[in-house]
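Chain naming follows the written order as A, B, C and D, and within any one chain the residues start at number 1.
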Amino acid sequence: MNLYEYEAKRIFEAGGIPVPPAVRITKPEELAKVHFGYPLTLKCQVMSGGRGKAGGIKFAKDLEEGKALAKDLLQLVIKGSKTESLLVEPMVSIAKELYLAVTLDRERGCPIFIASAEGGIEIESSHNVLTEPIPFPYHPYVGRNLAAKLGLKGAVMAKVADLANKLYKVFESKDLDLAEINPLVITKGDDVLALDGKIIINDDSIGRQPAFKGWMEAHLVDMSPRERRAKMTDLNLVELDGNIGILCNGAGLTMATMDMVKAFGGQPGNFLDAGGGSDQKKTLAALELVNENPAVDVILLNILGGITACDEVAGALVEFMKKYPERQMVVRLRGNNQDVAEKMLAASGLKLYPDLEEAVKEAVSRSKNATKKPALAAKA
Amino acid sequence: MNLYEYEAKRIFEAGGIPVPPAVRITKPEELAKVHFGYPLTLKCQVMSGGRGKAGGIKFAKDLEEGKALAKDLLQLVIKGSKTESLLVEPMVSIAKELYLAVTLDRERGCPIFIASAEGGIEIESSHNVLTEPIPFPYHPYVGRNLAAKLGLKGAVMAKVADLANKLYKVFESKDLDLAEINPLVITKGDDVLALDGKIIINDDSIGRQPAFKGWMEAHLVDMSPRERRAKMTDLNLVELDGNIGILCNGAGLTMATMDMVKAFGGQPGNFLDAGGGSDQKKTLAALELVNENPAVDVILLNILGGITACDEVAGALVEFMKKYPERQMVVRLRGNNQDVAEKMLAASGLKLYPDLEEAVKEAVSRSKNATKKPALAAKA
Amino acid sequence: MILVDKHTKVVVQGATGKMGAAHTKRMLDYGTNIVAGVTPGKGGEKIHNVPVFDTVMEAVKTTGATCSVIFVPPYLALDAGYEALDAGISLLVLITEGIPPQDTAKLAAAVKAKGAKLIGPNCPGIITPGQSLIGILPGSIFKSGPVGMVSKSGTLTYEIALALTESGYGQSTCVGTGGDPIKGLDYQEVLSMFEHDPATEVIVMIGEIGGNAEEEAAAFIKKNVKKPVIGYIAGQTAPPGKRMGHAGAIISGGKGTAESKLEAFKANGVRVAMTPGEVAKQVAEAIKQPAKA
Amino acid sequence: MILVDKHTKVVVQGATGKMGAAHTKRMLDYGTNIVAGVTPGKGGEKIHNVPVFDTVMEAVKTTGATCSVIFVPPYLALDAGYEALDAGISLLVLITEGIPPQDTAKLAAAVKAKGAKLIGPNCPGIITPGQSLIGILPGSIFKSGPVGMVSKSGTLTYEIALALTESGYGQSTCVGTGGDPIKGLDYQEVLSMFEHDPATEVIVMIGEIGGNAEEEAAAFIKKNVKKPVIGYIAGQTAPPGKRMGHAGAIISGGKGTAESKLEAFKANGVRVAMTPGEVAKQVAEAIKQPAKA
């Protein structure tokens, strides 16, 4: 779950990391409640990156200019993301900008600091990037080593070390995937300050992070309404632009099925991984989700039951087909309890394709013959 | 620092460990504010052990009996310790008593659980005592292993495991030397409950335990007023019953000097270790402390300066002798800056004994000749 | 075969839970040497006739188990893993999905420090066909033979194993390493074991988008693996920036694409299969002998 | 000699503090090979002409130091210890007094896991006379010779070393293990090193009341030490239940008495000295050769 800058900074602040004073506004008039002097920085609160280049950050020398800028900024859409609000901060006199982040490193299999003496830039394109593995249990000297490696000296070195230690504490205690400060600013008065912040909360950890419970739905801004609904019911849906609705159990198999559809000339309308062990109810919900997509002409259901029981899937299918008898379905159903499932489906007249390639070919072929959309009216 | 039972239980409770409801009273009338029914348990709050055997725990069937018992108990002195207050709790229906403690083990060099399926007894005299080393970082399974080794089963096993985990967290987070529950009670309803508790806070850690700051003085109840004063000024004083006041730097040397005084037929009036690195001011305070003891006839000062500088000690001596010119002093002063110290003391006419044995013999001999106390009147 | 055989003594952590109980039954039916279950507070009970202990320590002491398969809920998995490890278990098979990755990182580090092995989390487990099934794989799909399989994905592994089995090619051992970005055993370790396993003639390596484990494995293969390796990558048509089911399956910042992985395969002598069905054909070619029906 | 000699490269953690600076000077004057100081935020400065670094990592990288003597405040000592250890320091000499013992337990465990050595805390340090003084011992009292000394106490060690030196018996190495109940190196480890040290002919072991380390050491000596050992115990007349200066020096529950330790000495062939002065006499007898003036 991605957080907005203003949320990330609130969390940083609670963790003892210095951030500039700030006021969040959703209307230009609210600029009046700003309690620090001009010039001000106005920053669009959006999830997407590249905000600065897209004109999402402006400076105002007085209230009048501020209001005019705020009005424009609040309507700005950056890379498809609507501006949620503006974060208003005083302008900071910058002596130096750094980059500092904590994240999990896939290759090393542990958390790492990513740091650079060049901040305010895209870290991917930066040179002189340090990546330092973080030991467990954590010790404060790790922050000092990092600050020293960044070439910092004296009081600033100690302050950045302390800030790095606090950043890791936030990362660990809040179960983050990413805690990023970019830029981390050293002011002309030798203070350190998190001028911009990004936090990604690990989705699997929200259940043990009471502070973030209920935040998810409002933060899925880069998803379609259906994708969001799927996510909230623990289904993995990615909407695509074809007309074959793909529903499988297991991420790898779903991807492979999608790849094969494409390889055999079809166009996937979605990726839907119902996950392992889905029961009748969840499978039905998944079918409904695919069915709802008006672009979908054919549903390709591919289940290879390990942890998923075929009879549970068959139960969902029976229910679904009763409700939507005209829906084009290509079904492949193998694995645990396959025999029971086959018996359950025998009466429906639904043809089962034991071979994946045949099933995919059939779905592609039907998708091409679908000259018009089938009626979606439910029977019940 | 030893805590009273009621304090220990408050800390346990804050750590999620179940304790009985309780009210603390210092006057019999306060029994009226007890909010749970009779029969009640009344327990003397004293530092010393063996409270039960000494009659410090009584049961009252009604308010009237309770008041009469409270009056007596509040005046009870147990092994020299005055009763500070009474802790009043409802009587608990006990199915089983256990012993559970966390402490640091000198031999293993790590924290250990001490546990026994026989509680409510002196653990030193108990058989079937488990001692389990505690790994760092800590993991909850450690508590489960312990509960299983105690032979517990089912829900009780899980509850004791959970309690053990919480007890360790309290031990670690509060920097304790000992966290003891004796007895840990399993009620007839299969609840677990800390019926009596003991906590020793590590003295060296109080500086980082804001909750305990300022507690020390009120808790030094097993010390003489002078010992308490020494402790509060970071000096290690133990009062003894002889007439030679011993003052050294370093615990081992002070003990050795004390042993030698005794071996050569003298009687130590105190053990005072001024610690390593004491400056003039601290040394003077230490001298004053020894001087105050009316039983002391001779002061034996033995300094072997490593971290302690002899000139600092000499400075204190000059000041002290100006104030108390008639005080009998035997001084041995060797080590760092010895030459400077000797020059400083040359004018005073004080004889220095370079050899420890000679110094001790001289002090013993003078202590025997001291037929009456020297005048203690200060000059200044 | 590698890692497990019919002698491997297995304890099931979380054996009395819904999932744990169901799969304990399946594993027993397959013939796996399940010697104990562990559920705190249920010591002394039995599950499918297997004795249940309160702690792994007791289970190991009593049964001599060396492998644990873990079915506990995600937030209890780290503690369960530490428990197994400190009780002397040398192979941990962690099935649980949804474990916070920082927990996995801690467990993986502890496993490494102890010289033990961790498969998973979020994985189907491991099977040496005909001998031992440890996890949630559907046993009927597999049969004994010369193909060693290693895969990030569960159901995709079944798909490919099924194709192999139906083409007459059985498997020496199949290891599902799991779909999380942070995990225990990685490709290299498993590939190395297969390379040294006399029962394995051909290796099938199944990858997916996200990360660069496949690229690293390909470089490793060039250097260290003489046996033929067939590689397959799922997510060839996945859009960037979207998480494709697995926590680790995401193309971000232009990295972790199927193209990159397939190119690494080709550059390092790994034979590429573009569909699950093609894997069986490639295996047949690699073995260069008629498939046994 | 054991543990340190003139080649031992030493870094001083907390070198710019009051105590650190004073003892850096004294150690340098003694001839100790101090190669670096460490104080976070003071990197680039010099103290008594020794370069100061911000981190031990940098100090080790630049100077090749293998030993660190630590003067930081008590609540920072655990972190300083971990820092030294993870920077590759193999001998930590922890002078600081008043460290919470749970911190010491954690550090000692980490030191052990890394195969390094910890002397202290709350200790005077270590000296190999004429070669290297690491800590706060007064160098002038010691001289080179055949007596290995190991002690819990600082000033008492000086007292006895002085008596030895004045009687003509110099020391191979003196190790002050510290007066805390939880500590790094214990008697056994040091005794074992002296037993194998060609420069050591006689061993002096100085104990005090509290704990049972002396009893364990005595049993160890009987089994493992062939060289003569002279034992001394401080606190023979200490009252029970009172902490005698050192955190560890307390007789509690009837345990840790001087009697118990002295009996253990006698029962295990350790020669007992009842006063510091007697130690020198016992050493003379043990060496059975005229003392060199």
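The working rule: contacts are C-beta pairs under 8 Å (C-beta built on N, C-alpha and C of every residue); 3 or more make two chains touch, one makes a residue touch a chain.
What you see is a predicted model; the values in this text were computed from it and never measured.
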- Message: I'd like to know which chains remain joined to each other by touching when subunit A is not counted.
- Response: one piece
- More contacts between chains, A-D or B-D: B-D
- Would you mind pulling out the distance in Å between where the CA atoms of subunit C average out and where those of subunit D do? 52
- Message: Please tell me the distance, in whole Å, between the geometric centres of subunit A and subunit D computed from their C-alpha atoms.
- Response: 57
- CA centroids of subunit B and subunit D: separation to the nearest Å works out as 27
- Message: Which positions in subunit A are in touch with at least two other chains?
- Response: 136
- Message: By the touch rule stated above, which residues of subunit D touch at least two different other chains?
- Response: none
- Item | Sites on subunit C touched by subunit B in the complex | 40-44, 53-58, 78-80, 82-83, 86
- Item | Of all residues in subunit A, those that touch subunit C in their complex | 104, 106-107, 109-111, 124, 136, 172, 175, 177, 202-205, 207-208, 222, 236, 238, 240, 248-256, 258-260, 262-263, 268, 271, 273, 275-277, 304-308, 334-336, 356-357
- Item | Contacting residues of subunit B [partner subunit C, same complex] | 135, 139-141, 144-145, 147-148, 153-155, 157-158, 161
- Listed in rising order, subunit D residues that touch subunit B in their complex are 19, 23, 74-75, 97-102, 105-106, 108-109, 124, 136-138, 141, 151-159, 162, 179, 181-183, 206, 208-209, 211-213, 216, 232, 234-239, 242-249, 253, 274-277
